[in-house]
Every structure is written in structure tokens, then in C-alpha cells.
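All chains are identified by letter, namely A, B, C, D, E and F, in their written order; residue positions are counted from 1 within each chain.
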Amino acid sequence: MTTIEQQTLASLPKGFGLAIINSKAPFSSNDGKDALDVALMFGSFEQKVSLFFQGDGVYQLIANQDGRLVSIKDYLKTFSAFEFYDIEDIYVCQQSLVNRQLNETFHINDVQVLTSIEFSKALNRHQHVLRF
Amino acid sequence: MTTIEQQTLASLPKGFGLAIINSKAPFSSNDGKDALDVALMFGSFEQKVSLFFQGDGVYQLIANQDGRLVSIKDYLKTFSAFEFYDIEDIYVCQQSLVNRQLNETFHINDVQVLTSIEFSKALNRHQHVLRF
Amino acid sequence: MSTLHLVRQSAFATNDFTQCLSVLDHQDTVVLMDDGCYNLKHSLMDSLLKRVDGTININIISSHAQARAIETMAKVSHIDMADVVALTFNHNKVITWQ
Amino acid sequence: MSTLHLVRQSAFATNDFTQCLSVLDHQDTVVLMDDGCYNLKHSLMDSLLKRVDGTININIISSHAQARAIETMAKVSHIDMADVVALTFNHNKVITWQ
Amino acid sequence: MKTLAVVVTTPPYSHLTITALTYVEAALVAGINVIGVFFYQDGAMHANKDISIASDEYQAIAHWQRLQQQYQLPLHICITAAEKRGITCDSIDSEQVNKAFTVSGLGELVELTTKASRLVQF
Amino acid sequence: MKTLAVVVTTPPYSHLTITALTYVEAALVAGINVIGVFFYQDGAMHANKDISIASDEYQAIAHWQRLQQQYQLPLHICITAAEKRGITCDSIDSEQVNKAFTVSGLGELVELTTKASRLVQF
């Protein structure tokens, strides 16, 4: 990384980028897919975007799901493209997992399980928030 | 009432008519209005229809509301037409009222406040159920 | 007068399942489908399974549960949509909780 | 980094308000609007009012509450939409819970 | 005779509609007399001929058309719900209405309900 | 300079949209620079020219048009969301799109978000 690039990054305001909170389960509404489309668009414009999973949204991350069994094109598979789009910050609410008796086995890597306080602090590091 | 009419009524199956369960608050979704339209249509065809209010649906019955304050045409006023349409059975779940700290002051007359068991039994007296 | 209850929503997100349980009668049957499948892990299910003393029949649609990676449970029968159709006519009426 | 929380759903029907409360920070402000006004009577509100020790500001949109025949509460400020606009820029960001 | 009427309130792009379709098809396969499907609320959007769902997604409308043709399954849409959602239903210029669907009113729902031994809502 | 971008996800016949409209108008009256409203998900239905809401109900679309004219408020609809909901958006036959709305993609949402000091969702 050159010095100029480092300076550009450093000059960005501290609270920047978009946080997307996913609050819906994957297979009954289109919210998860609609949120994903927004995230990938931000990624392709090289804008910082982080994904938060809370409430029933945590079901989007659970391993071994298969939408094809209910004739749904499985948009969850696209989550593996996050790396390619430089979407690195993926946070899940630990309390939401515990409430639903889910263990921390996800279908993508580098998911960060956070306590409510950490989750709140991570949200706070962003300039804008959308929730689906 | 003639004997023939009495026989016709008597020959109807015990569980008959439509029960409509209202489960949504009045001013954020169209469900209450859509349920009302169904009820009035059944009434105008002289088909038995009963209305059940449960969960946030109980807010539809509360006195002193005024949708016009939020630019909503107040469909709740149409509830006063129930009598005209021979819609006589209007049931509300007591537990839902208690949970929401609501007292039993309604904007229409003849609302029957029922315990969960009575509510369930009243539902059971109908042939079909729709829920909005 | 038995009722077939089709439960389509997650009890972790909405209170529809609570409303369903409050009118549930013995002889009734519950089918968990769509996001209702998640209710298998909800505390309301524990109390339901305890309460039923075997009279209330609880079912889940296999493909809906499997798509969501939900584990099975001994007391809950796995069925398919043809079974739901049969149940529709084995009961006096159907209520959909969605 | 303060946040303005717009709460639009009834906590009696969905768990969105619970999710809102779990990320609520001191300095944050809550606005109850639409069906969120019903939350004034929810037990979550009691614990919120106890917890805040005065740092979290709780508001309700007057017309939204009045349309629903919801009584006022001393600790909750009645505001209008112009106030919500002002709050939008008094805080660093806005989260809508709907 | 087992007769069934079905109410669908979810739009064609909702995954919940897939469940409704699977149920109705299972009933038809089982030889149940499905006397009609009534599309109410967002369900009315099914009759919009201009709806374009990505080709790799579930084509709910095509599946309803298939059931209509294969089993002469009556598909009714509620006109009030449809017009609210941008489907022009007047008889002259009804190009926008998918021909597999009959434009009806709530009176049709009354009739279906009265005739059916079971009413199921999705 | 206070700049605001707004995302609307509810359809024109939803009462929730009235709240969004009231908020945006209050912002405009307060002199806030509302750089655009982006209609996503069911919000895209606003651009359907054929929508007919009973005349005694709130006319959300007419109100958005009024704000657009009075304040030169940019109204963007997401094309993918619109086509899924039966609004034909191709340039030749776009008769179905209400002219007060600009047919855009999610890229527009990125631009609005990047430029705005506040983003509010309804």
C-alpha cells in the first residue's frame, strides 16, 4: 500500500460506511435477498458495507440449509462472494443465536459472534444504517 | 317466523358460517379494512359471519380513536353498520385486552369479551375461518 | 369440532403462534410449515408438548424443516403436503396462522 | 456516536422493539411512531424507563398516539414530525425498526 | 364429495406462495374437487401480465396457469385489490390481466366459501 | 449543509407511507436539502401509473408528485423491484411509469447514501 492510499484511508471520517441489519429468516420473505443486493452493489462501488444479523436474521447464516428443497433459488450461496466484494465485516448477535438454540456453525467463514454491547458498538462505527 | 323457515334454520349444520379473526392493529396495515370488506359482503349475501378480535386486532375496537389525525379514512366507523348487516357476533379476547392494559370500552355496542376457552369454543361453532 | 392449525410464522419474530396456542383444543392438530418450523426450538413448544398429554398431534413438513437445517424431534411427525391435504379433510376446519 | 431510533412496530406483535432495546446506547433517542406508539403500555417500556437513568430520551409522535387513543405518560415527550427532522440531525445516524 | 376453496393473499414473488401452490397441486393430485382459488390482498398481483420475475426464480404465475389448464382450476382475482395494485381491470382495456385469471369481486369469495366443505387460507 | 436521503419500502396503499411522506415534507419545509427518495421493495409500486386508489383514501402518489414539483425532489424507483411488481420499465414502452419517478438501479442508492449526511428508511 502506498503512502497516498494510506492517507486517503486515514482521512475518511471515523464513522463511515453502511451497516445493513438483517432481521428476517431467509426463506419466507425477500428481505434477505434484497439486503444482499444492496450490499453487493455497495461492494462493487468500493463503498464500505458491513452486515449485521440479529433476531430471525441469524437463520440466514446457519450451515446446511438448502432452499432448493422448497423450490427457492438459494441466494445464501452468494454469501461466499463477500470476500470478492471486500465485504469483510459480518457480525451476528450472540443472544439471538442462544435464544434460538443455534450453535455457531455458519455456511461462510469469518463471521464474528458479538455480545449485545459489542454488536451495538460495531453498529455505531457506521455512518448509515438500513434494516431489512 | 313460519314453520318452514324454522325447519330450514334447524336443518343447517351445527357448525356453520364464517369466522373472521382480526389480528392486526387498525392504522398500519390494510388487513382490518380488508377483513371488514369480506364481513360486509357475507352480511349482504345473508351469510352468517362472526368477528373475532385477538392480539393486536383488539385495538380495532378501542373507543376514541381517530384515523383522520394521521390522514387515514377511518374505516372503524363502518363497524356501526354491523347491525344493519345482521352481524351480531363480535367477540374479543380478554387476555389480549389485559396484556395491552386496555379496558373494555369499545366504540361499538354488543362486543362480547371472552376468556381464551370461550373464545376457542365460539370459534369452533363456525364452519370456516379466515384470519387477517 | 376439531381444527387443523397451519402455523407459518416464527414465534421468535411474531406472536401468532402464541395466539394459536391460546385457542388450541384437544383433538386439534398442528402443522408447522414455512417459518413456523423454527418453533420446534421455541420454549412455547416445550410447554405445548408437556400440555398435550398425547391428544394434540404435532407435525412438521419435512422439506420445509430440512431446507432450514432444522433437526427432527421424536414427538413431532414428519409429513408432506399430501398429508396436509388429508388432514384438511380429517378435521372440521382449518385455521392458518400467518 | 448517538443514534436516533424510529420504532414503528407494536412490541405486542413482533420482537423488533426488543432488538432495538438490545442495541440502545446512552445518549440515544427513541421515537415511538405508527404502531410503535402501543409500546408505551408494554412491559419493555417499564424496564426501559427504569434503566435509562435519564440519559435516553423517549418521545412519541402526538398525532400517532392520539389517533390510537393512547394516553400520555409523564416521562415521554410528545413531539411532531418537524421535531423528528430536527432529531435526525441532532444525532449521528438513524435506525428504523419496522 | 370433498370440495375445497383456497384463498391466497401473498404476491407471486413471495416464497410463501410456493407453499400455497404445492398444497393446491397436492389436493388436485389427490382427486379433491378444488372449486376455486381466490386471490385477495397482495395475492391479486398474480393477474398482472407485466410481472417479470428473474428466469432462475420460481415462476409462480406460470405454475398457477399450468394448474388452471391441466385441471380447469378456476382462478379468481379480487378486482378492488387488483386496481389498488395497478392492474387495470375494465372490460375494454383488460390487456393487462393474465387470461388464466377471472376478474371477480368478493361476492365470488362468498360463493366459494358457501359451496366448499373446506376453506384454506395462504 | 444538511443533506438527507430517504428510502421508502412500503407501497402507496400502505398507511405507513403517509408517515414517510409527512417526514419528507417536514424536512423540505425545514429547509433540509433532501437529495432524493429511493423507492425499494414494495415502494417501487409507487411508479405504477395504473394504480387506482379509492378517491376518499389518501393519495400517496399524488402527494409525492406534488413534492417532486414543488421542491424538485428527485424520486427514484428501483427497476428490478418495479419489474417484479408488474411495472414495465424499458425505455420504448414506459407508458406505465409515472413521469414523476426516475427509473434507477441500486447504484443510485449507493450514490445517495454516499452523498447524504443522513439516511432514513421508511
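FYI, a residue touches a chain if its C-beta (ideal position, glycine included) is under 8 Å from a C-beta of that chain, and two chains touch if they have at least 3 such contacts.
Owing to the predicted nature of the structure, the values given are computational and were not obtained by experimental measurement.
Enquirer: Note the shortest touch-path length, in steps, from subunit B to subunit D.
Expert: Tracing touching chains, the least step count from subunit B to subunit D comes to 1.
Enquirer: Farthest chain from subunit A, going by mean C-alpha coordinates, please.
Expert: B
Enquirer: Give me the superposition rotation angle from subunit E to subunit F, based on Cα atoms, as a multiple of 5 degrees.
Expert: Rotation angle, to the nearest 5: 180 degrees.
Enquirer: Please work out which of A-E and B-E is bridged by more C-beta pairs in contact, and write that pair.
Expert: When B-E is set beside A-E, the one with more contacts is B-E.
Enquirer: Could you put a whole-Å number on the gap between the CA centroids of subunit A and subunit B?
Expert: 43
Enquirer: Between subunit A and subunit F, what is the separation of their C-alpha centroids in Å?
Expert: For subunit A versus subunit F, the centre distance works out to 26 Å.
Enquirer: Between subunit C and subunit D, what distance separates the C-alpha centroids? Give it in angstrom.
Expert: 35
Enquirer: Among the residues of subunit A, pick out those that touch two or more other chains and give their numbers.
Expert: In subunit A, residues 27-28, 30, 55, 70, 72, 128-129, 131 touch at least two other chains, as defined above.
Enquirer: Which parts of subunit E, given as residue numbers and ranges, touch two or more other chains?
Expert: In subunit E, the residues touching two or more other chains are 13, 15-16, 19, 22, 118-119, 121.
Enquirer: Subunit C: which residues touch two or more other chains?
Expert: 8, 12-13, 15, 34, 64, 93-94, 96, 98
Enquirer: By the touch definition up top, name every chain pair that qualifies.
Expert: A-C, A-D, A-E, A-F, B-C, B-D, B-E, B-F, C-D, C-E, D-F, E-F
Enquirer: Would you pull the subunit A residues touching subunit E in the complex into a rising list?
Expert: Checking each residue of subunit A against subunit E gives 27-30, 70-73.
Enquirer: Write out the stretch or stretches of subunit D touching subunit B in their complex.
Expert: Counting only subunit D, the residues touching subunit B are 8-10, 12-13, 34-35, 38, 41, 63-64, 66-69.
Enquirer: If we count contacts the way the header does, which residues on subunit F are in touch with subunit E in the complex?
Expert: 11, 13, 45, 48-53, 83-88, 96
Enquirer: Can you check the complex and tell me which residues of subunit B touch subunit E?
Expert: Per the touch definition, subunit B meets subunit E at residues 18, 30-31, 34, 37-38, 41-42, 45, 47, 128-131.
Enquirer: Would you tell me which residues of subunit C are touching subunit D in their complex?
Expert: Answer in residue numbers: 12-15.
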